[in-house]
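Read through the structures below before going on.
Consider the two complexes below, in which chain A is the common component and chain B and chain C are the respective partners.
The block that comes next holds the complex of A and B.
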C-alpha cells in the first residue's frame, strides 16, 4: 500500500463514489422519506406519518402480494441454484466439449428479459404455443400456462430459470474450480468418493459461493418485473401480483407515489431481512464457525 | 478394465445430459430466428403440433426484416448500442479508478468506504427505480441519454473485481514507475490498466448484460420513440393493437445477434476472471 495525497485519492474515488451516492443512496433516502408522505387534493405533499404503511397492511391486495412474492422466492431460488449447481458440476471437467457447453448454457444471458418474456409468452401460448405443440405431439393435454391461475407462477419460474441458470452456473463453477484436487485425492484414499465426497467435501467448501449466489439470486427475484408487466399483468386473478409490480402500478396507474415508495421501502427491508437470514443459515454450521 | 467402462459410461451420460439441456435452452432462440424468416401468414402454421417443420420454414422471406427498417426500430438499435457502449466505457474507467484506489492507496476510512461500496452491490438498482424516477424528474432528466446511462455506471461488484485484480499486481511495478517520476494517473492508465485485460473484459460483460437487459428503467424514464431502447421497442410491438409477431421475432433476432458478438468475445475472460478473483 502506498501513501498518496488526499487530492490523488479523491481523484480516483470521487467519480464512482459520487455516482453511487447520487444513484443509490439518494433514491433510498427518497423512498424512505417519501413513504411517510401523501398528496393533498391540490397536489401538495402532506406528511402522513405511518399512514401509507398502515393503509398497505390493511389492504388485502398488498398482503396477498407479500405472500406471493415470498412463495415465488421460496420456490424459484432453490430450483435455479440447484439446477445451476448441477450444470456447474457437469461442465467442471474442462474438456473441449465441456467448454462449448459452458458457453451454450450461458448464452440465454445475452437475451434481454423483456425479449425472453415475449418469446416465452408465445412459446407457452394455449393455442399457438410450441410447448403445447410438443405436448400434443406426445399425446398429452394442452395446458393454459400463463393464462391459468394455478400455472402462471410456475410458468414465470420456468422463464426465470431458463434465463438465468447459466449465469449462476458460472459463479458456482468458479467456486468448484477453486477447490484443490488433492483434497479429493486424500479423501478417496480414506474411501470417500462419489456422493460421500460431494456431501463431505464439495458442499462444505462451496458454502461461500453458494451463499453469494443465493443472496444475489434472491435479490434479483424479489425485483422480478418485466415478465409480470409484459405477460401476466399480475393475473390471472392476482396469482402473480408481486410487490414489484404493485409498486409500479401504485406509481404509474394509481398515481399514488406515497404508496409506491412505501412498497419500495418494504421491498428493500424484505431483501435486507432475507439476506441476513441467509447469512445466518450458512453460518449456523458449528464446524465451520 | 471394469473401472474404465464405468468411467466411459459416466462420461457418455454427462454429455447426453448436457446436450439435452443445451438443446432445451437454445431451442426457443432457434425457433425465434427461424420463425422470423417466415411470411406473416405462416408464422404459427406449424407450431400447434411439433414437427421438423416447426423449426424449418417452408417458405423463406426477409419481409419481416424489411418492414422493421421502415419503423422506429433502427432508431432503437442505435439508441441501445450508444447507451450500452457509453455505459460500458464510463463504467470500466470509473470503477477501475475506484478499485485502484482501494487496492493501492492507504488512506483513513478506506475499509469503511470499501465496505459501503460492496454493500451498495447488495442494493439492487431495480428496487430503487421509482424513487430514482422522482430524482430524474427533479433533475429534468426524463427522456435524455444521461438518464439511461449514468445510473448504471458505478457498480460495487465491478469495483470489487478491479480491486482484486490490482491487489494481485506486484508492488515493485508501481514503485519503479514512482521512482521514474510517473504520476498515479499515468501509472493507472499506462501500467495497471494494460495488465488488466481479463478483468476489463469481465467488467464490460457484467455492465453490458445489465444495461442491455434493462427494461423497467428505460420504460419509465425514456419511453418516447426518440430515446426508446430495444427491449422497450419489443415491448411495444408486443402490446400495441394486437401483437406484431413478424416484427417481434425479427427484432428479437437482430437484438440477439448484436448482443452475441461482444458476448461471445468477452465470455471466456469472464469465466476466467470469476474463477481467479471473484469469490474467495
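The block that comes next holds the complex of A and C.
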C-alpha cells in the first residue's frame, strides 16, 4: 500500500493551511489585538487595555444592540430552519413538479444580498411600493414596513428568510434523501407512520444536518449587515441597530477603529458561545448510538 | 505545549502588528491616484480629460466611487496612511476632519484664495490654513408644479427674493395640493433626511449648529429654537401628512415631482437641468427657499473641494493636476456637465448663458445674502451621520426634544476626540 511521506502531506496541505491562516486566523488576531488599542488623531496606536470594552458596556446604545441582535437571532433562526425543513419535506419526492419547486425555491440565493435589499426596499416602500399599492387597492391601510419602529425588524426577517430558506432547504433535503427507506418500511410494519414516523425516525436521523444548518444559519444571522446598511440605517429609533451595524459605524463613520474591533470581538465570542450551546443541545444521545 | 502556545500567540501578535510596522511608501514613478465621485462617466470624464490634457506629463489613474459609498471608501483608503489616493474630492465640511487627522497637504501657499467665493474658502480653512481647494458650491430652490397649483386654485410663489414665501404659507398651499387618494403629495425635501438640507430650518429661527470652537453641539441642536424647527419638520409627515415619510432617496423624490405627483419640492440647482431633460411633461417653476415667519431666510450651501494627500509621493504631479482642475477652462467644463453654482468668481461673468434664468438669479442672490455653510467642526462626519439618523426618527414620530438631546449627547461624545 502507498504511504504518503510527511513531506508530501505537508506540501498538499500547505496551500489550504496558508489560506486558512492568512484569511481567517490573521484577521481574527488583528481584530482581537486591535480591540485593546485606540488610535491618536494622527494614526498612532495607543494601548487602552480593556478601555474599549468598558466604554462599550457603559454605552446604552451598545447594550441595546446586544439585546436587539439576540432577539433578532432568537426569532429569525427557528423561523428560517422551520420553513426550510418544511419545504425540504414538501419537495422530497422527486416528481417533476418537486424538481421545479426545488429550483424555484433556491433561486433567491442566486441574487446578491445587496440587490435583494434594494428590491425589497422598493417593494415595501411606504409611498411608492408595490405591496402598499396592493394593500390600498384591497382597501387596507398602507403600512410603513422598514420605516416603522414596530415593523422594521419583522420586515428584515421577511427579507432574510425569503433570501436564505432555499439554501438551507438544500442541505436538509440532502439529509432527508440519505435516510434509508427500509427504516420507514420496517416502522410501517410495526404500525408507525405519519407523525409518529416523523418524530421517531426522521427527526432523530436529521440531527446532524439540522445541527450544521442551525450553526451555519446562526453565524450568518449574527453577521447580518447589508440590508440594515442599505435600507434601515439601524432605525427607526434604533430598532434594527444590530451589533454588526454598530461595528461598521464605529469604524467608518465615527472613526473609532478600536471600538469597532472590540464590537467585532464581542460578536465573535457571542457566536462561539451560541454555537457551543447549539452543539450541546444537539449532541447525539449515546444510548441511541 | 506551553512554548508552542506562546509561539503561536507571538506569531499572531507579529502578524497583527505587521500592517502597522511596514507602511510601504508608494513608488514615486507610479501614476497619480485620483479618487473621484462616480456621478457617471458623462459628468466625470470630460472634466478629468480636459485637466489631464492641460497637465502635461502627469499620468493619472482615475478611480470613481459612487457617492453613497464615497466617504466610507475614502476612510478605508486613508486609514493606512500610505499616501494614496494622492488626489481626492472632499466634501467641504469634512476638510477639518481630514486636516485634523493629517490627511491633507497645506495648500495655503499654492492657491490664490481671492479667485474663489468666500464661504467656500472659509469651509476649506482649518486652524488658519487652507487645506482644500474649492471645486464647487451649491444652493437650493423651491420648485413647484404649475399645473397642480393652478388646479388647486393656488397662486404660484413669486421668483422675487423680496416676496419669499414663509414655511407657514408653503404648508397652507401644500395642504390644498395634497391628495392622498390620488397619490399626490403637497411637499417634500429632495434629501429628506440630510442635515445639509435641514440645517436651515433651525438656522432660520436663529439657532447655531455648533459651538464656536466646533467641539460642542449640546445646547445648540437641542435648544428651544431647534426643537421648534424640527417639530415643524415632524408635523410635515405626522400631522399635516403633506410629505411622504421614509422617502430618503433624492432621485425618487425627483421622480415623484417629475411624474406630476408632488406640488412643491426644495431641491438643488442641478434639478433644473434634469427636469428639462428627463421630465419634459411637467410644467414647473422656481421660487426662493422658504423661511419661518419671524425668522431669517437661510439657505444651505457648500459642496465639493479637492484635497491632496499630505503623505503622497506624487506631490508635484498632484499640484500640477490641481492647478489644471482649478483653471477657468476646466471649471467651465465642470459647470456644463454638472450645473452647480460655480465657486470660481470669474465664471459667473464668463459662463453667461445659463445665469439669465430666474433660477440662477435667485441662486446668485442666495449665495451672496442667505447662504450658511454647514457646521465648522473636525467631527462633521460623525455629526452628520448621527444627526441624519435623528432626523429620520423625528420624521417617524419620535419625541423631538428627546431625540435631539440624545443626538447631541452622542455627537459630543463622538467629537470629543478632536479636543487637543
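Keep in mind that, in the parts below, the second predicted complex is superposed on the first by the 276 of 289 C-alpha atoms of A that agree within 3 Å, B and C clash if a C-alpha of one lies under 4 Å from a C-alpha of the other, contacts with A are read in each partner's own complex, and residues count from 1 in each chain.
The rule is short, and it goes like this: contacts are C-beta pairs under 8 Å (C-beta built on N, C-alpha and C of every residue); 3 or more make two chains touch, one makes a residue touch a chain.
These numbers were taken from a predicted model, which means no experiment stands behind them.
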{"item": "Which superposed partner A:105 touches (first chain B, second chain C, both, neither)", "value": "first"}
{"item": "Which of chain B and chain C A:225 touches, first, second, both or neither", "value": "first"}
{"item": "Touching partner for A:126 - first (chain B), second (chain C), both, neither", "value": "second"}
{"item": "Chain B versus chain C as contact partner of A:30, first or second or both or neither", "value": "both"}
{"item": "Contacts of A:207 with chain B and chain C, given as first, second, both or neither", "value": "neither"}
{"item": "Contacts of A:42 with chain B and chain C, given as first, second, both or neither", "value": "second"}
{"item": "Touched chain A residues, chain B compared with chain C", "value": "B"}
{"item": "First, second, both or neither for A:236, with chain B first and chain C second", "value": "second"}
{"item": "Contacts of A:97 with chain B and chain C, given as first, second, both or neither", "value": "first"}
{"item": "Overlapping contact positions on chain A, where the chain C interface meets the chain B interface", "value": "25-26, 30, 34, 127-128, 251-252, 257"}
{"item": "Residue ranges of chain A touching chain B (in the complex, touch as defined)", "value": "1-4, 6, 8-9, 11-13, 15-17, 19-20, 22-28, 30-31, 34, 87, 90-91, 97-98, 101-115, 118-123, 127-130, 132-134, 136-137, 162, 165-166, 170-171, 173-175, 177-178, 208-209, 212, 215, 219-220, 222-223, 225-226, 229-230, 244, 247-248, 251-252, 257, 260-261, 264, 267-268, 271, 275"}
{"item": "Complex contacts: residues of chain C adjacent to chain A", "value": "12-13, 15-17, 19-20, 71-72, 75-76, 79, 81, 97, 100-102, 183, 185, 244-247, 252, 256, 381-382, 385, 388-389, 392-393, 396, 398, 410, 414, 417-418, 420"}
{"item": "Residue ranges of chain B touching chain A (in the complex, touch as defined)", "value": "14-15, 17-18, 21-22, 25-26, 28-29, 31-32, 44, 47-51, 54, 94-95, 97-98, 100-101, 104-107, 113, 117, 120, 122-124, 126-128, 130-135, 150-151, 153-154, 156, 159, 174, 178, 184-185, 188, 209, 212-216, 220, 230-232, 234-235, 237-239, 243, 245, 248, 252, 255-256, 259-260, 263-264, 267, 270-271, 274-275, 278-280"}
{"item": "List of chain A residues in touch with chain C within their complex", "value": "25-26, 29-30, 32-34, 41-43, 45, 61, 125-128, 144, 146-149, 233-237, 249, 251-257"}
